[in-house]
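Each of the next two complexes has chain A plus one more chain, namely chain B in the first and chain C in the second.
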Partner chain A sequence: MILTEVAPVWIRICLILVLVSGGFLLSSRSMSNLVRTYQFQSFLLVLIALGLCILEGHITLLLVAVLTLVSKVWGIPACIRLIQERIHIQQDLKFSYLRPPGALMLSILIILLVYVCFAQILESLYAASSLFFLGSVIGVSLVLMGLLAVCIRRMAISKVIGYLSMENGVLAFGLFVTELPFFIEFVIIIDLIILVLLTSIMTVGIDSSIEEYKTRLQEFHLLSEEGGIS
Partner chain B sequence: MIGESFIFAFLNVAFVLVISPFFMMVIKKVKARVQGRQGPHLLQGYYNLAKLFRKETLYSEYAGFISRIAPYAALSILLVAAVMVPIFWIPEQELVTANIIVFLYLLVTGRLLIALLGLDAASTFGGMGSSREMSLSAIIEPVTVVVFAALVYVTGSFSIHDIFRTATTMFPAYNPTVLLLSVPLFILIIVETGRVPVDNPETHLELTMVHEGMLLDTSGRNLALFELSHAVKQTLLMAILLNIILPAGIALEMSAGVLILGGVLFLLKGTVLCVIIGLFESAYAKMRFFQIPNLFMIAFFFSILTIFIEVML
Partner chain C sequence: MIAVLYPVVALGILLLQLLLRRHRSLTLLGVIHPVISLIITLYLIVSPGIWDDSPFFLIDHISLFVMLITSIIFAAAALYAVGYIDGLVRSGDLEKRSLRIFYFGFSFLLAATTMAIFTPNIALFWICAELTTVLSAVLIAILALRATIDASLKYIFICSTSMLFSFIGIIFLFEAVRNKTGVGSLLWTEIVDEAAGLDSGMVFIAFVFFFIGFAAKSGIVPFHTWLPEAHAKAPSAVSAVLSGAILNIGMYGILRMTGIMKETGVFGQVSVLLIIFAMITMSVACLSMLKQKKLKTLIAFSSIENMGFIMLGIGIGSPVALFWALFHMLSHSCIKAGLFFSAGILHRQYKVPTRTGEDEIGDLFLLQPFAAITLMAGCAALIGMPLFPLFLSKVGILLAATEVSVWIPAIVLLLFACAGVALIRFYLSVMAVWFPAGEGPVPYKAPLSMKFPVILLLIISIMIGTVMIPGEEAFLAAAVADLGFGVQL
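Right, the complex of A and B next:
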């Protein structure tokens, strides 16, 4: 009984923190902070899914929470950290088109635009529940903020975190407006894992030929001298 | 009612004057501990003030009347501001109109006086400090206005007393926007009090100093007054943050027990906030001058976000 009363409050707080983490992903220059923020953002989505599970009682939401916890809070960040340690990149200082202050300003406009559009499109939802309206606005805003991060960042790993953040936005929107089937959610997670693995290959070898690629992997300590994965 | 208001004003101002040097020392102590040093005694701030008050005041040969009146005027302005910000007790009736816009203007006037003082002594460092201070001020002022606008929007009042009274009825867990608002208010404390990463209060390096540069030609009693007004300003901004996000313990009625409890709780909350500020300062390096607007932009982003969320909720 108490949980059903507390759940909307904690969902609201988590949603706001999700948006804050989206802003942080646009402005942070430290690679480890970027990964940590993505991990935190994913954890907030786990809490939101649990909160909605308490409110609505759908077991699918619990499964989504568990899947997100295992893949996005634990698996993917661990994988990115591993790549990051190997390529020894501490900071991402390269930006295209916009610097972080400009990106933050633009993200404010994005949130405003999404709010204005959704206020008209989802008028009935707003009348029914402001919480679900807030969730949908924040979900789509997060997708667009992730897209912005992909556009302004120049390093492959940072771009990947932008993509991952976009997917978090899709998940948030899916949780509040159109619930995705669990199977689709599962496939998306597999896609994300492949994306991260591909990035690790791209990050070290995108500018090298096939012949040089092995040398390049060894240079970044991703392949041992004997040919085995280190 | 009027009597109660006068008691409030007296207690508030006296409390602020007494605890402000203590808070400054807590921050210094935390920073020293993080650096592996013993750090100053927690009462060192009071000893320093007493020492400076006893010392002779010297003026530059070029100094005009600004150098003579600015220290007194700066402290007086902040003490008027102190009457507006309830620290541990919100009386039923306001002695002066505690309008948040007037409060902002008082802070700006204090800043203007210090900038004029930096120019008045006609020293290169003072001029440079004033120039930097005004450049920063031109960027931070609009952000400060937006931060306070968000505060007004969330609480629905321009009166600082009403804002605090509303905050006591809103437990942060039930109003997430209040939590969101705490970030720009924290950044505002860092910026307005010239702390790392915006300015380094410990440094006297010509290339980096902003606030210290303006006070370089000040000595004796005048320096003590400036040090005290700086500490008072920090306490007032801390009180705004603390009494909004954690208003627990603030007295709403005039009774000795409740007032003492309110004072003690504020002291505890303030000390915790000082520890956080000290750790924050230790964790960051001073930003390059042209990187500072990035920090302001974060405060601006959070303030706008607060207004949006409040509208959406």
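Right, the complex of A and C next:
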């Protein structure tokens, strides 16, 4: 009973923290911090899914929470850390178009703009379900902040984290539509894993020179000596 | 349930590609897959009685039409790849160990494209479209050069990030249906049925987000920046598939979504949005074509221009415009794939672009008369010369556009003139280059498997440009009716 009353507040706090983590992803220069922030952001999604599960009683949300915990809090960060260790990149100091302070200012503007636009267009929705409205505003804002990270970061591996943050925004929004079939979340994660794997292979190449590329593939056992991607 | 053969055949081919090791076997499987897909599609087209209400496949005129284009392009590209890929392996441009990845990726791409076309579920459509991006990226990067990896990464980042917006659009659409009926739906047909009373604000937001992703997939400005690089850097067989089949997947999504919007109260706004983006796309593409000095990049910008033109037809939204937009899709795919094949022959001859980054093409008619003639025919077709099908679709859409505003055809004609000038200027400049005696390269003898698809696509183009194949008009009209525009003949 108490949990049902606490859940909406809990969800709102988590949603705000999700936005804060989006800000960290824009400004952090340390690679390990970037991965840790992404991990924290994903964990917040797990908490939101649990909160919604308590509130609405849909078992699908519990499954989504478990799946997010396994894939986004544990699996994908571990995969990125592995690549990070192998390519010996500790910091991402290069930015295009905007430096972190400018990007943070722009992201605040984005959040305000999304709120104002959605409040005007989805007026009826706001009255019917304020939690869904908040989810949609924060989800879309996070997607746009992730996009900003993809645009301003120069290294492919940081861009991947920006993309993953965008995907978290979609999931944050999707969680509020509980009837959305579970298999969709499941296939999104499969799709994500494929994307991360593929981009990881390419990251090895793009963050090194041409001569180093094939050597690196062999060094990281992505390419076997006698032939074929292993 | 004949459509079930698509995934069954694809699965069989993919398994065999994993098991077999010989180059010839892989090549053969690569050809068999699209040819069987083409046969199944043709069989389905001539047997409308067997389009059952299977919950797993959405078989109607529009999906079969797009599948027909896809099968033709994949079959032609697979045939072309027999000689082209073999040449790349012999010259050391492609490592032998990458062959399996290439053919597996090629077949998987066809399977994902097929599923995207036939899936009745909008979210599954999104997933399959995403898969086509990942698989296309693998094929673009197959030569493992820094330039190809760079182009591939750019493609993945732009398309995948844009596609995430599409998923938000799908969530909004689902929620809009749920608000009306109490139960959300992701099925194309159910959404169309319920479209009439949906909340207009939410539906418009859904369309805008959906549009961002699929516009990026079709190379619509300003999401087009990946396209010239990806199409130019990829091996020619892949460029042809990307331009002739994969761009259509984005357009197919926009077409279906516009069909839903037709039933809502926001079709007017959607129409304006599509026309504005179409005009911007065509302007950017045609003006960019003027300064291109590389053949494949020029052809790639022409693809952007044509996607913009197809979208103009969709935006106009009249049955006639939609009819010619679909016709344009078929014609453009055949012509563009043929052009990329001819460019591939020139690539093997001159190893363009060279280290200087420029195309150094010379003695064209002397060294490569076949590629020179087909390139000329392709350029003439792109310009929209009579006898070629783009002439008909250009006239058709421009006439339909006059109903919206006379300024649209006026501006578009001017842009077509720019594109025409760019193509003619490039061709003439290439023709005028002669190497000093004894300094030219040794003629490259293109195998028949590289020439045959070019001839085949040229014949198809001229055929659909000069005669109406029996049933073609009725089929296209029915496809337009399937989308909710016009009445079936």
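FYI, the second predicted complex is superposed on the first by the 203 of 230 C-alpha atoms of A that agree within 3 Å, B and C clash if a C-alpha of one lies under 4 Å from a C-alpha of the other, contacts with A are read in each partner's own complex, and residues count from 1 in each chain.
In this section, contacts are C-beta pairs under 8 Å (C-beta built on N, C-alpha and C of every residue); 3 or more make two chains touch, one makes a residue touch a chain.
Everything quoted here is computed from the prediction, not taken from an experiment.
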item	value
Partner chain in contact with A:Val150 - chain B first, chain C second, else both or neither	second
Chain B versus chain C as contact partner of A:Ser96, first or second or both or neither	neither
Between chain B and chain C, more extensive residue contact with chain A	C
Touched partner set for A:Phe132, first chain B, second chain C, both or neither	second
First (chain B), second (chain C), both or neither touched by A:Gly23	first
First (chain B), second (chain C), both or neither touched by A:Val9	first
Touching both chain B and chain C, residues of chain A	none
Interface residues, chain C side, partner chain A - complex	95-97, 100-101, 123-124, 127, 130-131, 134, 137-138, 141, 144-146, 149-150, 152-153, 156-157, 160-161, 164-165, 167-168, 171-172, 174-175, 178-179, 183-184, 186, 199, 201-202, 204-205
Interface residues, chain B side, partner chain A - complex	173-174, 176-177, 179-180, 183, 293-294, 297-298, 300-302, 304-305, 308-309, 311-313
Parts of chain A lying in touch with chain B, wherever the complex brings them together	9, 12-13, 16, 19-20, 23, 27, 99-101, 104-105, 107-108, 111-112, 115, 130, 133-134, 137
Residue numbers on chain A that touch chain C, as the complex places them	118, 121-125, 128, 132, 136, 139-140, 143, 146-147, 150, 156, 159, 163, 166-167, 169-170, 173-174, 177, 179-181, 184, 187-188, 191, 194-195, 198-199, 202, 205-206, 209-210, 213-214, 226-229
